[in-house]
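Both complexes below contain subunit A, partnered by subunit B and then by subunit C.
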Partner chain A sequence: MSSLLSVENLTMKFGGLVAIDDLSFNAQNNQITSIIGPNGAGKTTVFNCLTGFYKPTTGQMYLHKDENKVSLRKYTDFKIAHVAKVARTFQNIRLFPAMSVLENLLVAQHNELMFASGYSLYGLLNLKSYREKEKQAVDKSKYWLDIIGLTHRADDNAGDLPYGDQRKLEIVRAMCIEPKLLCLDEPAAGLNPKESAELNKLLKFIKNEKKTGILLIEHDMSVVMGISDHVVVLNYGKKIFEGTADQTKNSKEVIEAYLGVDE
Partner chain B sequence: MEKQDIIKSFKDSLFTGLIALALFGPIVGLRTVSKGEGLFITPQWGIVFLLVGLCILGRFLININSAKKTEFKFLSSFSSKFAHITEDKAKHFAITGILFAVVFPFLPFTDRYFMDVAIMILTYIMLGWGLNIVVGLAGLLDLGYVAFYAVGAYSYALIATTFGWSFWICLPLAGVFAAFFGILLGFPVLRLRGDYLAIVTLGFGEIIRIILINWYEVTNGPDGITGIPRPSFFGLPFKRSPDEGEASFHTFFGLEYSTMHRIIFLYYLILVLALITNYFTLKIRKLPVGRAWEALREDEIACKSLGVNPTNTKLTAFAIGAMFGGFAGSFFATRQAFISPESFTFIESAIIVAIVVLGGMGSQTGVVLASIFLIGITEIFRDLEQFRMIAFGGAMVLIMVFKPKGILANRKPTILMHGDKK
Partner chain C sequence: MEYFIQQLVNGITLGSIYGLIAIGYTMVYGIIGMINFAHGDIFMIGAFVALISFIIFGLIGVALPIILLLVLLIAMLFTACYGWTVEKLAYKPLRGSFRLAPLISALGMSIVLQNYVQVAQGARVKPMQPLFSGGLEFFKNSEFIVTVSYLQIFIVILTIILMGIFTYLITKTDLGRAQRACEQDRTMTALLGINVDRTISITFIIGSSLASVAGMMFVLYYGVIDFYIGFLAGIKAFTAAVLGGIGSLPGAMLGGLLIGLIETMWSGYVSIEYKDVAAFSVLIVVLIFFPTGFLGKPDIEKV
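What follows is the complex of A and B.
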């Protein structure tokens, strides 16, 4: 199987603090790769490096698109999503709360729509080509809303949705940019068991039907063990274990990192 | 109601009276009169006690009311009725408003004074609509909007007096210049948000004004620019006695000469300009760039994670907002025929921001209501001279107390999947 993302010797220092220490791992296409570890292990920092919010101190991150090898270091903030097609969600949900659910999904398709609207010129003239493109964008939004069962609330404000729905909406909003790699930062945080199960279903759907690689940070082990194809365990910025879910469960290093060592 | 409550609210109102005394004592109580050589102080304790008494009584009534857990019935019913009108029948409201604005100059009670006030209100409505793009939609608090108003006015004045070009050529040019200054301001403040952005834009407004005062060779400094050409009605000037071989408006249409013609023309000019601003804003709000502005206001980091370019998005908001400020500025210049830096002080920016905020961020109708309310009230109380700013402040306080999110704070989605349910 082809590798989608390869992280090579990634190091991120904040002053004297080494948040990530010489981390290397691969994520495969059509797989869910989980990054787990105790609090403060540097998981979110890895995400912030990958998605251009931080510039890593040293190390390389490559995304394999078709036959090309794209270095993510070259892109900063919005270009990561726009050009490199890496989408992410956030630990604390970042929807546009005062905008409707549909609008949230349309903002995710901003660049295509902007181009179709001739940078607003055709849009102001209300040309047919733009109207058709807008209709397509609405259809695409509807497709995703149908999957998460929120079509009936498309015109409500995103901030008015229940918490679990907001989580799902944020994930499908990220999917609307048609990413190669989807990075999810604790998507199951604060969900009840039923909602977690729905989330698992959604992630499996994205993996199988959309052929998108998923990188997942998660504390909820029922989610991690249920859907991960590959698990990377971090502690104090270092990779301490890498393997399948089952291997991870039985790994001595991982148990020690989480529960401490017997005296 | 408990006896304790009454005592408590009575104490509270006495305290209010104390504060009122401290404020009104020196401001109202001591009046300086100039007699012969020097100033003499005449105390006016009667008025002070009247005002303080009113404050105590008012506070007491409010306290008792809130203790009873009932609101002022008439106010709440008024405000809910108000919300009802504007939410459900926004379109009817807008059409009625525009129709009224169109026939306004020909109503029997309309005189020169009314027209002048109406033109002023419309200018502020247009400025409010322009600023609404920057503050209401993109969420960038711009306290220096008057700078673009000034740039528009001065570019119009300078181009028109230097090259003698007509209003209709100078107007777009003034808009372009203002938009250029919008981008110029936009670049350094891209990274700033909230309070910091407000401070820098405030500074920008002052910089422009100070340049206008000091760049004497070009702007004529504090003396201002005089003799700015008046607009003509498609080439027909509004003159009592037109030049040899030239038709003026009243001779061409065979009318009696009246100064009102020009006023009415100016009125329609600003009405059309304002409506264009409104139409443009309503349109662009529904386009991707408009949605990106609102998304940027909601959450900039989420925008970046979705591939929205925040730099371009902010700059377009600044440029387009500034352009409409520039249009309004050229209108101002052609109406006054004289401009000086004095017309573009910070208080103008503050009034425009107040109109946008009090109207309800992003609400087009709210801007209209707030302009009429704020400018109208200061005009009604013009006889009170320096005290009319109290009326202005009072109007702001009233809106903030009863409508803390602005007169009209409801936002309609730009696109609906299920259509209008009503």
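What follows is the complex of A and C.
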């Protein structure tokens, strides 16, 4: 089975600081690949390289989309989501707080709607083809809202939702662009145990039903160990371990990195 | 009483023109957080394009309603091109720069546009013969006859139609949704696959075409223009945008109306010389009590 994402010898230097040092790993379709490591290990930097915020010093990142091998280096800005079909979330919540829950999901379907509406011209004229497309977009949003149980709050401002719901909405919004790869940066941060169990359920659903590969950065080990198919452990920008969740739990290197070594 | 009504009508007409310009300021501020000081001059360009096309169509001899429609479209098209070019030349290269850089660039662009029109069109004032004549008269039996000219009716109705379309565009269509998304978080909007640069360009295009309509109204209403009209009208419209709450679209319309009314009331009852002073003084007083303007969102920091 060919992998969805292959990162090859990725190195990112900021002046003298080596944030990522010769990192290689693969992520598979329909799997959750977790990247863990102590603070400052370079986890978010990996995401920033993947999503075009940083240009890696050396190394390659390939996304395999239906037989095509796409280099992520070539894409920046909106093309990451639009062309490469990589979606991401951030450590802090970045919903559009002054827009309704439904609108937040519709924004993610902007490109399809924009095309269908002839760059808003048909939209202004309210043509039938546009209305149908818009109905489809609304239906898709409703489908996702049903899954996270927020249908009754569709018209409320996203900023008024409880924290846990905002987290889920953010993930679902990323799913609305129909990504091949979903990068989640600490989605469980600040969630209570009940909310984080719901999050696990949502991520499993996405993995199994939507055939999307998930790349996950997380500190909450109950989440990581509960749902990961594959774990990559980073420390000081280097990969120190790679394996299944159980293997990782018992790995000597990983325990040393997190807890330190006896003198 | 009759005199008051007359001033009210005049004020609403003037306020419509200011409101249309103010929308351009407030939209650009909302989406990229800068004051586009060249916007007043875009309005002036719109007025010149309108004047030139009025003269051309007048010479050909087309019927009045068709002239109005054609001039409207031509002025919007040309001025939108100017707005788009200004954004591409003067603001886009500075997108990642510090906040003051595009502001200074905007002031420079304003001077460039003014001088360009001065060189291209000459410095003398350009008159135009009134296209509209007559109007409705009210209170014929009293001492003061209130006249609502057809031109005033035309201006107000056109403004209402444009504001209606515009409000629909921003609140209901996906283009408006993308613009509001850019306003709140540009990075995240890009990560959802939306071309932010294009959305910003469209914002400039819409703002400029609304300003050109205001320019056309100005030509019709005052009958004289020169290359310098953009400065004062721009400052007034900017004041209107701030008064209503910059970044808020209904605020810009409300602010435009208020500035128009204050100006005409002051010239009607106090003195015509100090009408600008009155408009700006009201701004200062309002900002003391409503620092974010009438309809602006107060910036509440969550801790």
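In this text, the second predicted complex is superposed on the first by the 263 of 263 C-alpha atoms of A that agree within 3 Å, B and C clash if a C-alpha of one lies under 4 Å from a C-alpha of the other, contacts with A are read in each partner's own complex, and residues count from 1 in each chain.
Here is the rule we use: a residue touches a chain if its C-beta (ideal position, glycine included) is under 8 Å from a C-beta of that chain, and two chains touch if they have at least 3 such contacts.
Just so it is clear, the model here is predicted, and its values are computed rather than measured.
Novice: Given the alignment on subunit A, is it a clash or a fit between subunit B and subunit C?
Specialist: clash
Novice: Please work out whether A:A108 is in contact with subunit B alone, subunit C alone, both, or neither, and reply first, second, both or neither.
Specialist: Both partners.
Novice: Once the structures are superposed on A, label A:F96 by its partner contacts, choosing first (subunit B), second (subunit C), both or neither.
Specialist: The answer is both, since A:F96 touches subunit B and subunit C.
Novice: Using the touch definition from the top, say if A:A154 reaches subunit B (first), subunit C (second), both or neither.
Specialist: first
Novice: Which holds for A:K142: it touches subunit B only (first), subunit C only (second), both, or neither?
Specialist: A:K142 sits against subunit B, while subunit C stays out of touch.
Novice: By residue count, which of the two partners contacts subunit A more extensively, subunit B or subunit C?
Specialist: Of subunit B and subunit C, more residues of subunit A lie in contact with B.
Novice: Can you list the residues of subunit A that meet both subunit B and subunit C?
Specialist: In subunit A, residues 51, 77-78, 80-82, 87-88, 90, 94, 96-99, 103, 106-108, 110-111, 113-114, 117, 119-120, 123-124, 134, 173-174, 177 are touched by subunit B and also by subunit C.
Novice: Using the touch definition up top, name the residues of subunit A that touch subunit B in the complex.
Specialist: Subunit A reaches subunit B through residues 51, 53, 77-82, 87-90, 94-100, 102-103, 106-108, 110-111, 113-114, 117, 119-120, 123-124, 134, 138, 141-142, 151-152, 154-155, 173-174, 177.
Novice: Quick check: in the complex, which residue numbers of subunit A touch subunit C?
Specialist: 51, 77-78, 80-82, 87-88, 90, 94, 96-99, 103, 106-108, 110-111, 113-114, 117, 119-120, 123-124, 134, 173-174, 177
Novice: Contact residues on subunit C for subunit A in the complex?
Specialist: Within the complex, subunit C touches subunit A at residues 165, 168-169, 172-175, 177-178, 180-181, 184-185, 187-196, 297.
Novice: Residue numbers of subunit B touching subunit A in their complex, please.
Specialist: Subunit B residues touching subunit A: 280, 283-284, 287-289, 291-292, 294-295, 298-299, 301-310, 316, 411, 413-418.
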